[in-house]
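This structure is in structure tokens; I'll ask about it shortly.
When the chains are written out, they are named A, B, C and D in that same order, and each has its own residue count from 1.
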Amino acid sequence: MIKESFSSRLFDVVNILLLLILSFTMFYPFLYCLVLSLSSEAYASQGGFFLYPRSFDLTAYEAVFSKPHLLTGLMNSILRVLISVPISVFFTALCAYPLSRNETPYRRPLFLFVLFTMLFSGGMVPIYLLYHNIGLLDNRLVYLVQGLMLAFNVILVRNYFQNIPESMHQAAMIDGASEWYIFFRIYLPLSRPILATIAMFQTIFHWNAWFDAMIYMTSDTKVVLQGFLQRIVIQQEWQQLRDIYVGLPPESIKAATVIITVVPILFVFPFVLRHFSKGIMLGGLKE
Amino acid sequence: MVQNTSQYQKNKVLLYMFLPCAVYYFIFDYIPMGGVIIAFKDYSIRDGILGSPWIGMGHFDTLFGGSEFLLVLRNTLMISIIKIICGFIAPVIFALLLNEIRAGFLSRGIQSLSLLPYLFSWVILASIFRLTFSNSGPVNEMLSLIGVDKPVNWLSDDVWFIFVIVVTDIWKGLGIGAIIYLASIASIPLELYKAAKIDGANRFQQMLFITLPQLKPTMITLLILSMGGFLSAGFDQIYNMYNPLVYDVADIIDTYVLRMLTDLNFEIATAAGMFKSVVAVILIMISNTISKRLTNGEQGLY
Amino acid sequence: MRLITYKTTTIAIVLILFWVILKFPTWNKENIEPVQIIDWSNVKDDPNEHLEFELIMPGDAVDSPDALLNEDAYAKRLLEEHFNVTLNYKMVDPATYERKAALVKASGFIHDVLIEETSMLKSSVKHGFIVPIPFEVICKYAPSYARIVQEWGNYGWQGSVVDGVNYGIPLIIADARYPKVGIWRKDWLHAIGFDRVPDSMEEYEKVFKLFKTSKPDAKSFLLAFGHELDAEQQQKVLDESNPVWAMSGDVINWRAGMFTEIFGAFNVQPFNWVLRDGEIAWGGTQEGSRKAVELLHSWYKAGFIHPDFVTDEWMGEVLSKLYAGVTGYLAHWSLYSELHPQGERVQTMGRLQRNRDRELLLRLGKSKLEADSLLENQSQRYVNLWSPATVPRGPDGYRGHRLYGAVGGFSGGYYAFGNTVIEKPQKVLRWLRMMETIMNDENLLINISMGKENLHWEWRDSELGPEPVGKEPFGTMSYKRNAEGLGWSLWHQEYGYLVQVPMKEFIVKRYFPPGKIEFRKRFTPSEWGDECLFGDTESNAPNHISSLIKRMNLYQQTKLTEFIVGDLDISEWDNYVREYNMLGGDEILIGMQQYYKEILETADRVNSNISIFEHKSL
Amino acid sequence: MSDLVLKNVSKVFNNNVTAVRDFNLEVQSGEFMVLVGPSGCGKSTTLAMIAGLEDLTSGEILIDGATVNTLPPKDRDIAMVFQNYALYPHMTVYDNMSFSLKLRHWEKSKIDKRVKEAADILEMSDYLDRFPKALSGGQRQRVALGRAIVRKPKVFLFDEPLSNLDAKMRTVMRLELKKLHDRLGATMVYVTHDQTEAMTLGDHICVMNDGELQQMDTPLEIYNNPKNIFVGSFIGSPQMNLIDGRLEADSDNYEFISELFSIKIKINKNTIGDDITRDVKAGIRPEHLFRKQQGENDSKITGRIAIIEPFGSETFIYVESQQQLVARVKADNTYSASDEIELWVKPEHINLFYADSGLAIFSK
């Protein structure tokens, strides 16, 4: 066996140790939350560092589930992802295709037209007034319109389209296919990896968006799950629970709310892993 | 001529394909951009955006005159500079270290765990960190195990709060950053490493002279992108994690704009927002031209 | 290179735009007509003209479903029949009221009657959302309401005055002085040999030291169950007992009442404006504050104050530490109901302590049956674990705590009228008449605040005399009352819910339990209570001052915390004071003196109006 | 320069696939040793083991008599040139060549001299500041060579360095390599699947097949006396003709009898012993099929021409008979497809092999 130098073996040991500690820090906060949400009143406010719940007590979850807006929030979030993500992936691809074709007239200015939207934004007031005039205020359609075609995703898809060999397009042209046909039948199926990655980005974007719910929704039944969590945990609204669960320590209510919001994401996690670990080529974004 | 028209004919179809997207961008991005003129007007809702009287650069004078915005600007610059510097290097190092682990299952395991934080929104993470970084929380408990008895008030002390903000921001972006860099590392031909081994490079030298230079194009691209967000300094994170005790350090442009909005002070909010966007556009242009010149033309966003 | 490329064209357009903006600053300023001023002289309120009102107000807890106002809510129907009006309420939850109200206005929908804080009111005026209401009109149509405001908080008027014009009616809740009463863990005191509540700083210190050293929680448990345990189990209880602190606190809401009885013992309140021989003075930089902070620092070093006091929230972690037996003293209560033996807080404390004892007994090896029977015959222990503290005497003989008093239950709130009333100004007069009539019609006032006798509440005899008690068991604050348009808790609903009109003193005495009156008398004697000169409304001060005050309060909170925690040594106090004044203290003082003068002037203006209409009362 | 010895080296990959089985080799100092064989025969693995890029499962490798099994590549004082050059894309030619010296902390002037020297040998002096991207295939290969030369290593290792070049450049570089070897006199181990390279470059050739050394000898010896059917058919293009048949003893000589032809052959009695009964195969090189009889005990094969492939100076003729044959004759266009043709073969040009074991039966 080729003898590795001592420093390289030492490096291995230290490296693995370091990364294990790092992955523990990645994992521990969620464990801490889980433990906190399960521990009974007495232990929750003791604070400190624990790895396992000293007692099993579900009153915190009972309290949080008693809030009506949790279920409506969950429904809103799921609907938002199921409807917005596919539509936004389609439109991102549709927008990227003409930008990837050299023969599109005014291709460069169109690209700058899209890119500029990533950098410059009108600010909250004009957008709010626009939504009001269109009637999008307090309307779930806002969730679809938000982040429909993010310039960053369009660039990623356009790069992927450009990596598809030109011969594909030429062959189809010779067979007499129209641009729409090429787009639907050839380019879309071929770019499944990047579309899956964009779908992943959009799922995370739509699932985690809380700000638009906070600003544009006035009736509470239309707020997404994150909005519900934000109000409970950040804006200290857990006090509303005082009539039934008086004395329940705030830490366990907050922790329970967090765990309930975290669980659905863990279902998506394996899919995310599969697509992301295939890796996305970000280097060399230039056309 | 016929050939030419069909050429043009075909292109027109492409334009038709782009039309719906152009309409979307025009309505939802470019029309609100028009609203920026509020920053130059004595805006009142009754008179509407067009009706309100112009007052030129008045608001910008008050904005930069008053000490509050300058304090906010200082905070934003401070936080985003630190974040960009550390946040830019950390995923590269993490990817390099991850790449050095030979045991396949271990590196995949750590990589998937590191992706976990990227999935969660700042609302979730902020609520978790408020619990874990509280004075009697687990972090202080661990510190007391290793001898630091005086509890560090992470969330209420100015300096520590910035430290927590930067560290947690890096912690969240580590996973996705590593994946992007590992994708580039994977494209490095194995022969290069063999040649380096024969040339006498040990593992660190291989990492330094072979792996790292290959990541340059991706690093440049990510740096340019982060330039775009230079003045946003992580609104989601700070809005959900800060508390009155650290306002003087953690108040950034976006939280300032939101506060102005709730006071119905639309002009100042729009003026600050516009300032942020203009700076973002300029920064992107500068960093893009610099990167193009540096890598003689082949690296850049557009 | 082609001259006209995309880049150059876009830059050219931008430059032209800027030139246009800068060139014509006053482009179309002239043709905006000012908001019409209502000519109140010829506005008549004809009682049989039916009026419809759109109202927006912060509901008690709109979040829980049963709190949403029913269509035919009792109080709403009563008011509508009585005053020939229709009231359409939009209830918004209190936490996000400010932001949501702002956005609703921004979208152009203006309600007839709104509840606005000073900062909101000022920006509403700027955007022309609300109309001015001269003092003359208020005093003419609601003289007794105006007099109550003069009596309880005349500083309220100034908050709704913008450039000399008044835009709002200050909201008043009855006797607005809430004391900051403390409580002790009765069983802990007993366990360390104290049979009465400590009454001076020295005694406080002695008790805290004993709390710290002699494991009071474990001892009190042993006093109750010791005889049932063998020596080894008893030792186990002592060894395993968690560390204990005397108290925690919440720096973020310091102003609302942290450590006020400690500062009071040095005759100062850190976040109050007081009159010191005719001059306005700020408590935070007084010598008394230094002594109090020095004492608190020594307590912190001795481990009496829980380190979490920096970031805890009073309603959250501070309270749950008390419930969990981590702390033994807390001074934050202000309502009689909160300390009443049948009140929910005391009952919860008992329930939680019982659970903890049960868990400990099980862990000590007792079977479920044994544990329950032991708990049963010790049930007297859980009836009332708290005993109210007195306001302790300081080394120089001073006593005092901060009276959390404010004009208007919504800490500085005002009724304001949207510009939609311009076509029908009589709506304002109708609203003023409603307030005035309810104020003086005891039966109507009781019905719209507590509800209908024997339907929503009834008289019941308790050891403290007849008490009006809700249909549900004592003290439960159910939101079903909100659905009927009534206040959520019978216990401190001393003002109308749908129309915020306060109960006069004699009504409160007749309808509320004598214990409550006695409680208030005992804890709010004027010589103990140190009420802030501006109530909690210094945020009504002129804009540049109020933002400076906010910032300086935060600065003071951080500095005082650093002194207590020890990051800053007490010797630094003088340059802290110098820094505070230099950074903003002096400027604020000047601003507040000016503001105080304005308050007095406005109060006199209102006085003169009241006197005009006094003898001509309707 | 130094010699290289491999003693029963073998390599089994963790999925227990044996890549190299019991490989023994001695490379004299200054010798140009070629390892040739089909892809997957273990030649590259062997080279990697010599370089230290792969561990040995068993056996021993010595350079200048010193065992190097456990030494990492950098301590073995070897240099290697890769198939796709493995130049560092982000470094100039100069940096690429001087990289190994920089790692050894040589000071600047010494590095400069050594690199300039190597560049002169390869006529690359004016490309030193260019990036690999800006060079042609041949130039890049020269840089890779330069990188090795600079080190003045004990042993040069080549892993199919020319296979990425176009045909013309390949011949040019082959000559360069030959000149270089003669000039430096260095010990070189060269791995290729191209037999022309093997024949032209190697002082000695090792023919390998699925992990085993088939034969190690000089090129001509391998060409003329292949040890088994594999070596015979692998070396030489177009491939050696193999004709099935059997032997019959007559007095002290033997006769090879097959459907196509039969011929008397002198075989040493004690080598064949009683294996006379086993089926045999006769290997005849295409150039050893002549159109005219030259000796009296030549024998004739008749067949019909299937395809004619003119190569300018030579022509390949594919003949259809009981078996397919291919002949290599001087170019002349007297023949055309489907003509009858007679081909003569001489006894000394026949290599006999046992059909079952494939081993050669040595006549001399």
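What we mean here is this: a contact is a pair of C-beta atoms (placed from the backbone, for glycine too) under 8 Å apart; a residue touches a chain by one contact, two chains touch by 3 or more.
Nothing here was measured: the structure is a model prediction, and the numbers come from that model.
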- Task: Could you tell me which pair, A-C or A-D, is linked by more C-beta pairs in contact?
- Result: A-C
- Furthest chain, CA centroid comparison against chain C: D
- Hey, how far is the Cα centre of chain A from the one of chain D, in Å? 59
- Centroid distance [mean C-alpha coordinates] between chain C and chain A, Å: 39
- Query: In angstrom, rounded to a whole number, how far apart do the mean CA points of chain A and chain B lie?
  - Reply: 15
- Note on the structure: Whole-Å distance, C-alpha centre of chain C to that of chain D, is 95
- Item | Multi-chain contact sites of chain D, meaning residues that touch two or more partners | 52, 72
- Note on the structure: Residue ranges of chain A touching at least 2 other chains are 5, 47, 112, 125, 129, 251
- Task: For chain C, write out the residues touching at least two other chains, lowest number first.
- Result: 106, 108, 308, 317
- Query: All pairs of touching chains?
  - Reply: A-B, A-C, A-D, B-C, B-D
- Message: Touching residues of chain A toward chain D in the complex: what are they?
- Response: 1-5
- Message: List the residues on chain B that touch chain A in their complex, please.
- Response: 7-8, 10-11, 13-15, 17-18, 20-22, 24-25, 27-36, 38, 49, 94, 97-98, 100-102, 106, 108-132, 134, 136-138, 141-142, 145, 171, 174-176, 179-180, 182-184, 186-187, 202-204, 215, 217-218, 221-222, 225, 228, 236, 240, 257-258, 261, 266, 269-270, 273-274, 277-278, 280-281, 284, 298-302
- Query: What residues on chain A touch chain B, complex-wise?
  - Reply: 5, 7-8, 11-12, 15-16, 18-20, 22-23, 25-30, 32-33, 36, 47-50, 91, 94-95, 97-99, 101, 103-105, 110-127, 129-130, 145, 148-149, 152, 155, 178-180, 183, 204, 207-211, 226, 229-230, 233-234, 251, 254-255, 257-258, 261-262, 265, 268-269, 272-273, 276-277, 279-287
- Message: So in the complex, the part of chain C that touches chain A is made up of which residues?
- Response: 6, 61-65, 92-93, 95-96, 100, 103-104, 106-108, 242, 308, 313, 315-317, 319-321, 323-326, 344-345, 348-349, 351-352, 355-356, 359, 476-479
- In the complex of these two chains, what residues of chain D are touching chain A? 52, 55, 69-72
